[in-house]
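Here come two complexes built around chain A, the first alongside chain B, the second alongside chain C.
Right after this comes the complex of A and B.
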């Protein structure tokens, strides 16, 4: 009682909790973890700074044309290094991969989580995770010998539809036609094939993220929507997709990051040409920054290696932005992960 | 007066909402089988291309059949559901076919090259036309083990320490570190290789030659930024799963932070940390582009990571992948199968070690 009276309505200030290490061992422990963490900071800044310092001369020499131009010439004296076609090629292939991969991934995630019987779902989940870890060179080998013939055949079928005759008018569908008329004895090496490869690579990634989001969803929400008279399709369209959209978008962006940085698999199935190919996806002509680096580094003169580093820097900055966006969106969509 | 029967009614054998009208079951079965049969008949009859037939004959037939059956049984609701089911199953099948095809073709084509000698011998005196009875990937397996092992040696402790910093301490740089680790996971592998190549191998800083020749350890360093984020992220998840009460208990008993971590948190999170290590190794074991840039391919067995050319499984596969000879392609498939098996073993180990230890921990509680 006396204690209560002593405080006389005045609340004492909250005691500060101190977490300062008080023994030498603790100080060493905290110091070591801090040191290890600063390595990550040093590493990322070192990569960015080094690439930037090395590519500065290329940026100065080429100016904005480095991004937009489409010439690549390493002859001493009149060196021109421009990555326009490669940059656009990377983007085009990633877009194709996303267009092909996203419906497949969402359907597979929905199937695993809401339709398949338990054992099937379990096996499928393990398999998807395993394939998400599949090295890209294995996918590249498969893409070169198994997928390319199949997709070339599909391309041939698509190409037969490129010309439209409508009695009064006839025109070519730009997406399906060739820029220099008919050449094709082959439909290999096209952005279309590369897009399929990328789709196969990112489907497991997007599926596993989407499945995770679906499985964490509040089942009561779905059940109450069903109880209110919703059908499976309306629940999917109006409840599941809107609730999960954040996480799914994040997963798609993660896949996009992987697609943009993909190197070896695309190197084999794509015909790298330093001439911009806007939308003729069936033409055996495409680009990819990562594959360009792989193709050119060996023979490269020092100027060329610097240009490649500039290209790598551009690629890294783009994937950084995409990944950062993905992380933000995924974290916002999964508040239970308490990042 | 008749006696009142108060015994309970028998429970219905199935839940009321699960009762199906047998007529509906027949209709649904018919709607799932008939379009396929019809499509097969039309395709064979008109000698259509299978792809064209699937998209232009089978899919429309299936949609018409399912939608009309759905409409008949459930009314307007049934139409949307029928479409949802069709598209889900169509795309899932596509995914299944593609992914099974990857596995299947690697296994089937790889088995043909597989033999004890393929695993154990190296590539010396092997020309593109040498029969599969000679030579193999032994040197590449050893090279991969050495290079990946060296990377593991310094990446695992660093990754776990970063995870410890993120979960166990109240450091001020935590959000920065977390962001940067996430950023690192987006580093394209070829850029990592190019960075190390330009830094250590290519002529630089005014020197006529680079700091070093292509060698195994350079490859190890190039793999480091690719493995670190994987290890750090999974280890962080594992440490976060350890209940805070355990740590608080240790602190309450007077343990300093270091001892609490070493004797309480670390053992509790051991299985998760092992998983982190194994998945980290699985992440880089097939990584190709950085090794192409930083190591020189070799045909002989080289056990010295610090000097000379050294072969790894991915670079071996890379060198054989686009050769015209059938035997060379066989060798590529064989190497792909070896990589696949390694990844699979690492995954299974991660699963087994991760779950077995955690059940033990639960029992102990």
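Right after this comes the complex of A and C.
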């Protein structure tokens, strides 16, 4: 026989709940995990502090021109350190890399996850992961000796289209033209080549993150879309991609982080020039902060090295900003995630 | 919507066999689903009833390694015919899945219209479609003032009725339901059952269910599937729901519907 209970009685006093681990093993485990996460926080803070202390004098001497100006001179007494072209170059190359790499990565992830027969999918996954493990010096040399001639050829083809004649008007397409209006004698060392190198380097990471996101999707969600009569492409565009957009954006950002900081590979394929190149991507004139550091650091004067530290700090801050911006975009793009 | 079918189509399976790889999972299933009738498919887990349901709108073939033999006839036309586009089959034969799964990135309205967008039928997109479909799924009154809210803001039961509305927007002749209430509370289950009964006036419905009471409440006829000791699943008994539950011919049916196994 059950009983109805009236619960109008007294409530006993609240008790202290234990949140810390109790047993020795648990405490050790807690300590190890806490230690590991603390170390990464301490390391990042320490690096940031070190960079800041080293670069303070450069910021004081150069002011805002450090970021906006285009001169670099290490002659004692006449020192001018400005990274405008390098800063913009890093951004431009990253944009080109993203444009080239993201569609490739998403298509590959879709194929592996939804279309490829199992053995093919396995092999493709391993190969793409291997690409991620490729040392960037190898990619740089491959870029210099193999990719550059190929992309130069594409560039030449693109360049032939830079001038448009419409009968009543003629103009140059800025993106495909040269800043000085003259025909170039080389198509190597351009931001276009560097962009493709970056694309190749970020494809594996974006592919593997995207594939992971795709594999976690509810299959019945996709089946529902197919059951409604959707074709593969419409289901991909309207259901799979929007639903996975947050995770895919995350993968793209990881890739962007690599693209912005990429050093050696770009160093080999890009002609670093301390003169800003806004959008003439086929011109053999580019910039990249990380490559600048690599180029100058070894033989830098003490003031120059400090300037390079400052450049590193700027790159660091930009990467942080990109990550923060991305977090905002991801949240905005998926209001349904908050529910 | 302009014209909702009132006399629904007639669906029939003839000797349907299914394999996954080398494993034979369904053998010679021949069932008749007359128009405007609700047919319940019952049986223990793993007997192949959900698999069978998926052969009825060619969702089955999306599984790699799936094999098929037999025929499925919609108004006497073989839906597996060489000239038939599976997409057209799925337009005529809608499906509701086990777990409520509205498209998470879309609003309530967009979910209802999702099928039209997915199939490029933009010309059919209209406010009436939204209202009619939601009314037929008996959810209109609950959502009419918040059509632009995210679909995931609805409760589980409401989400499932939204999924039904999403299928109805395509105006299918037949609706397949794969345990549509198994993830829902009793109140939501009752609402969906009422919806099924109302919908059977205008369409043919096939529902897979593990709930014996549900099969008795909503269906006109019942098929009992059983797969014994690694043999492929078969239909042991098929007939009027009343007979299957109260007067079964096969003793195994009697045991199952009375809860002796499964």
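The rule is simple: the second predicted complex is superposed on the first by the 279 of 339 C-alpha atoms of A that agree within 3 Å, B and C clash if a C-alpha of one lies under 4 Å from a C-alpha of the other, contacts with A are read in each partner's own complex, and residues count from 1 in each chain.
To be clear about the criterion, a contact is a pair of C-beta atoms (placed from the backbone, for glycine too) under 8 Å apart; a residue touches a chain by one contact, two chains touch by 3 or more.
For clarity, every value in this text was computed on a predicted model and none was experimentally measured.
In the superposition on chain A, A:37 contacts chain B only, with no contact to chain C. Touch criterion not met for A:60: it reaches neither chain B nor chain C. Of the two partner chains placed by the overlay, only chain C lies in contact with A:117; chain B stays clear of it.
In the superposition on chain A, A:243 contacts chain C only, with no contact to chain B. Touching more residues of chain A than its counterpart among chain B and chain C is B. By the touch criterion stated above, A:231 is placed in contact with chain B and with chain C alike.
In the superposed model, A:221 makes contact with chain C only, not with chain B. In the superposed model, A:170 makes contact with neither chain B nor chain C. Common to the chain B and chain C contact sets on chain A are residues 231, 234, 339. The touching residues of chain C, counted against chain A in their complex, run 57, 59, 62, 64, 87-88, 90-91, 94-95, 97-99, 101, 103-106, 114-115, 117-120, 150-153, 163, 166-167, 170. Chain contact summary for the complex, chain A toward chain B: residues 19, 21-23, 25-26, 28-30, 32-41, 43-44, 47, 50-51, 54, 103-108, 110-111, 115, 124, 126-131, 133-142, 144-147, 153-154, 157, 200, 203-204, 207, 231-234, 236, 257, 260-264, 268, 290, 293-294, 297, 300, 302, 305, 308-309, 312-313, 315-316, 319-320, 322-324, 327, 339. Put simply, chain B touches chain A in their complex at residues 49, 51-52, 74, 77-78, 80-81, 83-85, 87-92, 94-96, 98-99, 101-103, 105-106, 157-158, 161-162, 164-166, 168-171, 173, 176-192, 194-195, 197-199, 202-203, 225, 228, 232, 256-259, 261, 279, 282-283, 285-289, 292-293, 314, 317-318, 321-322, 329, 332-333, 336, 339-340, 343-344, 347, 351. Against chain C, the residues of chain A that register as touching in their complex are 117-118, 218, 220-221, 223-231, 234-235, 238-239, 242-243, 245, 334-336, 339.
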